[in-house]
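Chain nomenclature is as follows: A, B, C, D, E and F, assigned in order of appearance, with residue numbering initiated at 1 for each chain independently.
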Amino acid sequence: MEETLSLNTIQSTVTATSHSLDVVWVLLSAALVMFMQPGFAMAEAGFTRAKNTANILMKNMLDFGVGSISFFLIGYALMFGSDIGGFIGKLPFLEESSPEIDYSFLMFQTVFAATAATIVSGAVAERTEFKTYLFFSIITTAIIYPISGHWVWGGGWLSNLGFHDFAGSSVVHSVGAWMGLVGAAIIGPRIGKYNGKANAIPGHNLTFAALGVFILWFGWFGFNAGSQLAASGSDNTLAISHIFLTTNLSAAGGTLAALAVSWMRYKRPTLSLTLNGALAGLVAITAGCDIVTPQAAIVIGILAGITLVFSVEFIDKVLRIDDPVGAITVHGVNGALGTLLVGIFATDGGLLYGGGFKLLGIQALGVIAIAAWALGTAYILFKLLDKTIGLRVPAIVEEEGLDIYEHGEKAYH
Amino acid sequence: MEETLSLNTIQSTVTATSHSLDVVWVLLSAALVMFMQPGFAMAEAGFTRAKNTANILMKNMLDFGVGSISFFLIGYALMFGSDIGGFIGKLPFLEESSPEIDYSFLMFQTVFAATAATIVSGAVAERTEFKTYLFFSIITTAIIYPISGHWVWGGGWLSNLGFHDFAGSSVVHSVGAWMGLVGAAIIGPRIGKYNGKANAIPGHNLTFAALGVFILWFGWFGFNAGSQLAASGSDNTLAISHIFLTTNLSAAGGTLAALAVSWMRYKRPTLSLTLNGALAGLVAITAGCDIVTPQAAIVIGILAGITLVFSVEFIDKVLRIDDPVGAITVHGVNGALGTLLVGIFATDGGLLYGGGFKLLGIQALGVIAIAAWALGTAYILFKLLDKTIGLRVPAIVEEEGLDIYEHGEKAYH
Amino acid sequence: MEETLSLNTIQSTVTATSHSLDVVWVLLSAALVMFMQPGFAMAEAGFTRAKNTANILMKNMLDFGVGSISFFLIGYALMFGSDIGGFIGKLPFLEESSPEIDYSFLMFQTVFAATAATIVSGAVAERTEFKTYLFFSIITTAIIYPISGHWVWGGGWLSNLGFHDFAGSSVVHSVGAWMGLVGAAIIGPRIGKYNGKANAIPGHNLTFAALGVFILWFGWFGFNAGSQLAASGSDNTLAISHIFLTTNLSAAGGTLAALAVSWMRYKRPTLSLTLNGALAGLVAITAGCDIVTPQAAIVIGILAGITLVFSVEFIDKVLRIDDPVGAITVHGVNGALGTLLVGIFATDGGLLYGGGFKLLGIQALGVIAIAAWALGTAYILFKLLDKTIGLRVPAIVEEEGLDIYEHGEKAYH
Amino acid sequence: MKKIEAIIRKTKFEDVKKGLHEIGIDYLTFWDVRGVGKSVEKRVYRGVKYDTSSIERTMISFIVRDKFVDSCIVSIRENAFTGEIGDGRVFIYEVLDAYRIRTGDSGDRSLYDEE
Amino acid sequence: MKKIEAIIRKTKFEDVKKGLHEIGIDYLTFWDVRGVGKSVEKRVYRGVKYDTSSIERTMISFIVRDKFVDSCIVSIRENAFTGEIGDGRVFIYEVLDAYRIRTGDSGDRSLYDEE
Amino acid sequence: MKKIEAIIRKTKFEDVKKGLHEIGIDYLTFWDVRGVGKSVEKRVYRGVKYDTSSIERTMISFIVRDKFVDSCIVSIRENAFTGEIGDGRVFIYEVLDAYRIRTGDSGDRSLYDEE
């Protein structure tokens, strides 16, 4: 009798402990992903001009502040509430019984939502009206991001098809980047960026930019490995170790490839593109970090690094869309690339592993669907904001700096 | 027989593992809190002038260096040694048998002590004699902080009354800030701060300041959730998840409130106050992060953010105490506010939850007792230092910069 | 029957959970150590001149990018493959059966290898050809570091003797520093460093330098405590708590000692040496952090801090080797010192604990063997690179800045 | 030889440089300055209002042969002009002598390159 | 028209500006410079002593009508004075001509606003 | 009294300073400027080529008694010389008057110390 009892007790302690370990893992990962915010802030501040530094810092700060609250109040339910037609989650007051929420999961998802929003701030930097941006940030974290997120992670239609985007190459990064693309296109280039030819507008502090990229690399371990959402038990343990390794190798591959390509193409090894190369590798591996081999991770990173250099040039010189920090390429193009490459390199279902074209097709469908959603909603939203509160600061403000005119405060004295 | 044996083995393994998880949690939290030191360093350096940067970095470095050793040698025992009359802990050589010390707990408490000391450096920045500050820092971490800490966390009189300050809104933050208040008042304002009216002396690098605030926000997850001191078992797991969420929501609330109020009041959204707003929310939630709902956390953050703006103005323009980084408001006023709000929002015993005024009264008593202790001891200490080694640098040193005269080294070349 | 079954299940769950905790510990530690990369990058950038900032950031970025891949492909096997004659590990294609690799361990070791390489970049900063440095970095992480690493951690001859270098004072830090010593000596001093007397060439941004040191201190908790490679079970739990404490106390001791000595010697408390003092304490405790008492850790830190000041002067003024960031002293001299002090302070086998001179002798042997290996291979490698692609940039490049000429990009605008 | 000193908006620098280049001025030196004038910025730092009556400007300084002076002034005035307060000033000074360090040329000869 | 150039302590700038404002000088341009002079700083960087014989100063430069020159010199000397080594200098130069970019005014007329 | 203004390579500053010191020039003021000239840097930023025809230079400015002018020019030309494009220029101007703020000395007297 006593023995059985204690067996039950032990059993439940064991289960509790292993659950606790999972939660600890998710929470610490959430903290790491939260720390990506200063990573973005430093990278974006470093890649833009000193006269707009307070503005870009402010946007990054507010993305997280606003996102934390709006995702808590609305976004989370839209993303993870009980599924309505594969398209959207139910808001709590529509649910029959108020659902139990796992706060650690909520925290983890909150920092993801903020990441998606933050990506946009880079693409539209140095010319966007601050209060307009605030509205934009609220809508993104409360509605746009959660809905496409629901499709993949909330039990929506894409997940049912078998679409694989483990930690969000598309769900998080591409969504942010495609919105940034629309934003940058509608707002137009910075004054002086294109007069006849494309001009370089160098960032003001590459030390901050490099710090930002290193911080992002660090935080990405939480982003990807945290997405396993568990750590206890040998399956999970193997998975998170695997993810750490693939994440790191792809980032390294992206770094080296961007270095090499930019070196050959522009005669000199440039820091700014090498930094972006690391991020390209990280974004690209995010979708398949759990399901590709370490060797494949290196290849994915290299492909991302190569793509990066050409995509940055293409968007700048051919499309003439002014993206001061390269966000569209890094998060959008490389996010899509990484999502597609899952269809090729996935050890389970990938083209190279005899899975045929099925997974690849589904991945392509997902990439397109998510892009269409992000581009479409962002187009409506930005056009609306343009007609109402206005998107762009006056020329004089842009020329003399957003910091002084919009915020009445300079970053440097 | 064999079975029972193995049952015992399993039992003890289980217990050991779950204890290990607790220790891992405490240690990683300690590392996060330690990382708040560069957060403070960057924030304080960014909010002050370039000519005093080496000095403020030095102080932050030394706070941690000095604090680690003096808290290890003396402070820890005064805080957690066996209780003497509810007022103070016993030093080891007074104990009958030398006590077993849990090093992970000691580490965690060490970084807390250093935090308290560091807060002061911001309030007295840009004019204080370096060697005097060193003495001050030793006394604080060895004696002043541990004693009031004993009252609440070491089994002293306040804890016996039921005073609730979970992670130290008052025990850590207010103590530091009230000492800073006394210091700033006794040392007097920086040259040029008040001539007829209050003048603005803008910080030299808001990118560093923003980085600092982001780092603090990140570290705060360790500060608050680590204070649970355990992670295994479903109670602890729920608690730490809950704390992550309330901590984050309050910070977000503080950010938005400070933004909104400063925007309305000064016509423009200012970065410096928004940054402080995030910290205000974090400080305020620290006392009750375990015991208030997420919704209440947002409210607490908002109240803290609103208070912040007015308190900064009040201290600057009415009291005319020159606090270069806003430490007194952020840590002192908001720490007290947060401690009091526990009496209102605590789901267990709070006014709004039918607990009546009892808890609120105890919280108020605690706030007052701790403030009295910090103000009193700091007054004696600063006056003493003033009469002996001297508190303030000569005018020429202050004007040309503490870096060159006190340290013979400039931060920027 | 059923009971026994469930007992087995429980048993295996328990084992799995405690193993999972170990892996979580190793992975999070690996992330912390990875985060030391920006620590090095910021410290090195801050201690050098603005015109070479992009170059030094690039090197730090590439050290990690290159190191991650070359250690994965070659280095890891040389270090941890089955032992050949106590000297080197077997490459995978030589092994009979392809070995199972624990990815978490591989990740942890990867970030260690990158650390060793990064140390060199500081010593040869501001004058080294970038592409040469890349070659160097590959060879270091693929071959040089893994071989001596094998001797101590891979089951090689030094480990068989009982040489104790817990987390790599010698294996990681000294190896990097001795290679840096050879590099700095062969490449020669920066233009203007020695003309008759030794001249000071102050770093351009001590805020970045201080941030870097704080980050390193933070990451070091992962470096040292992660080297336990396990966290579950009371032995491991005690060990990692112990390591946290000794690591922190030694860093604090180093900080204070460097402050005190530099204050007395140069009349003013200098930030740059105090920052180095913290690192000195950290490097020195790395070898013995698991096996010395907290009190001894303070002493080790103090000895390291004192040594630091004199060693920096000696290398600069007597040896006239130009080491812009003090890497040779911090990592080399203090690494050796820390390794030796294990022979004195180790509670198990140390001179002070009645262990006699045996351990001390073995430690000395290890220090010498590793130094000889690093100095020798680095000499050959640098000489070879010198004769082939060339080590040093032309004078005009050095004078006007490596950023513009080598990378075509400035860090600041 | 005359020295022409122009204090202009930072944002107008590229235009002014290009304008001068078109009329044959290939050499000039410039740096950041701060100007006190009528163009005033109101700011708030941590709740304290302060007007920085000083704003960022670029100082351009170059020495030209006498015959170029008038066209330079016209060119600068055209290219630095916005019509808003704060456009800046141009000042002209006498130069006694000039030397080119690399070639050793002096006087007017030091101001232009061999054709 | 004369150009007045003053090299002063950074910390005295606000006083000097205010002083000049009181006697009617509303426009001036200034920037950070470094001065080599008798005031010398001894410093130690990583164990190496070095004296930077150069210290930070502010350069003020402005052009005034001739009748203001004397009062300006007096005002600057009063407000920049500490009596310690390193107070700095004031230099006066001739100005040939001046133009106001926004209005097109030239000569003395460019130096003051309509009353 | 003459004003000597030299625009030189940043890396040559210490040599020039030492050279001037040897011939008795103890006071000078200098600051960072950017030069537009023939020495051009080609750079690529994120795939976009751009030539910054502007490079960093140091501006040295000091006032000396007439008798020193020639030796100063010689000294600067020797010490700032590399022979590569971009060595810079020296310009000479008239100075009407000079004042030493600390002592109240004026004219030539303000330029040297009591022996």
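The working rule: contacts are C-beta pairs under 8 Å (C-beta built on N, C-alpha and C of every residue); 3 or more make two chains touch, one makes a residue touch a chain.
On a predicted model such as this, the values are computed, not experimentally measured, just so you know.
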Identify the chains in contact with subunit A as well as subunit D, in label order.
-> B, F
Would you mind naming the chains that touch subunit A and likewise touch subunit E?
-> B, C, D, F
Once you count every C-beta pair in contact for both, which comes out on top, C-F or D-F?
-> D-F
Please pick, from C-F, A-F or A-D, the pair whose interface repeats that of B-D, with more than half of the contact pairs identical by residue number.
-> A-F
Rounded to the nearest whole Å, what is the centre-to-centre distance of subunit C and subunit D, using the mean of the C-alpha atoms as each centre?
-> 52
So how far apart, in whole Å, are subunit B and subunit C when each is placed at the average of its C-alpha atoms?
-> 33
Between subunit E and subunit F, the Cα-mean centres are separated in Å by 18
Contacts with 2+ other chains: residues of subunit E | 31, 43-45, 84, 93-94
Mind pulling the subunit B residues that touch 2 or more other chains?
-> 3, 7, 10, 14, 17, 21, 24, 28, 202, 205, 211, 266-268, 270, 272, 408-410
Every chain pair meeting the contact rule = A-B, A-C, A-D, A-F, B-C, B-D, B-E, C-E, C-F, D-E, D-F, E-F
For subunit D, which residues are in contact with subunit E within the complex?
-> 2, 6-8, 31-38, 54, 57, 59, 73, 76-77, 80-94
Using the touch rule from the top, collect the residues of subunit C that touch subunit A in their complex.
-> 3, 6-7, 10, 13-14, 16-17, 19-21, 23-24, 27-28, 30-31, 34-35, 37-38, 41-42, 45, 53-54, 57-58, 60-62, 64-69, 72, 102-104, 106-107, 110, 130-131, 205, 208, 211, 406-413
In the complex, subunit A touches subunit D at residues 192, 396, 399-400, 404, 408-409
Residue set of subunit A touching subunit F in the complex reads 198-202, 262, 265-268, 270, 272-273, 276, 309, 312-313, 316-317, 326
Residue set of subunit E touching subunit C in the complex reads 43-50
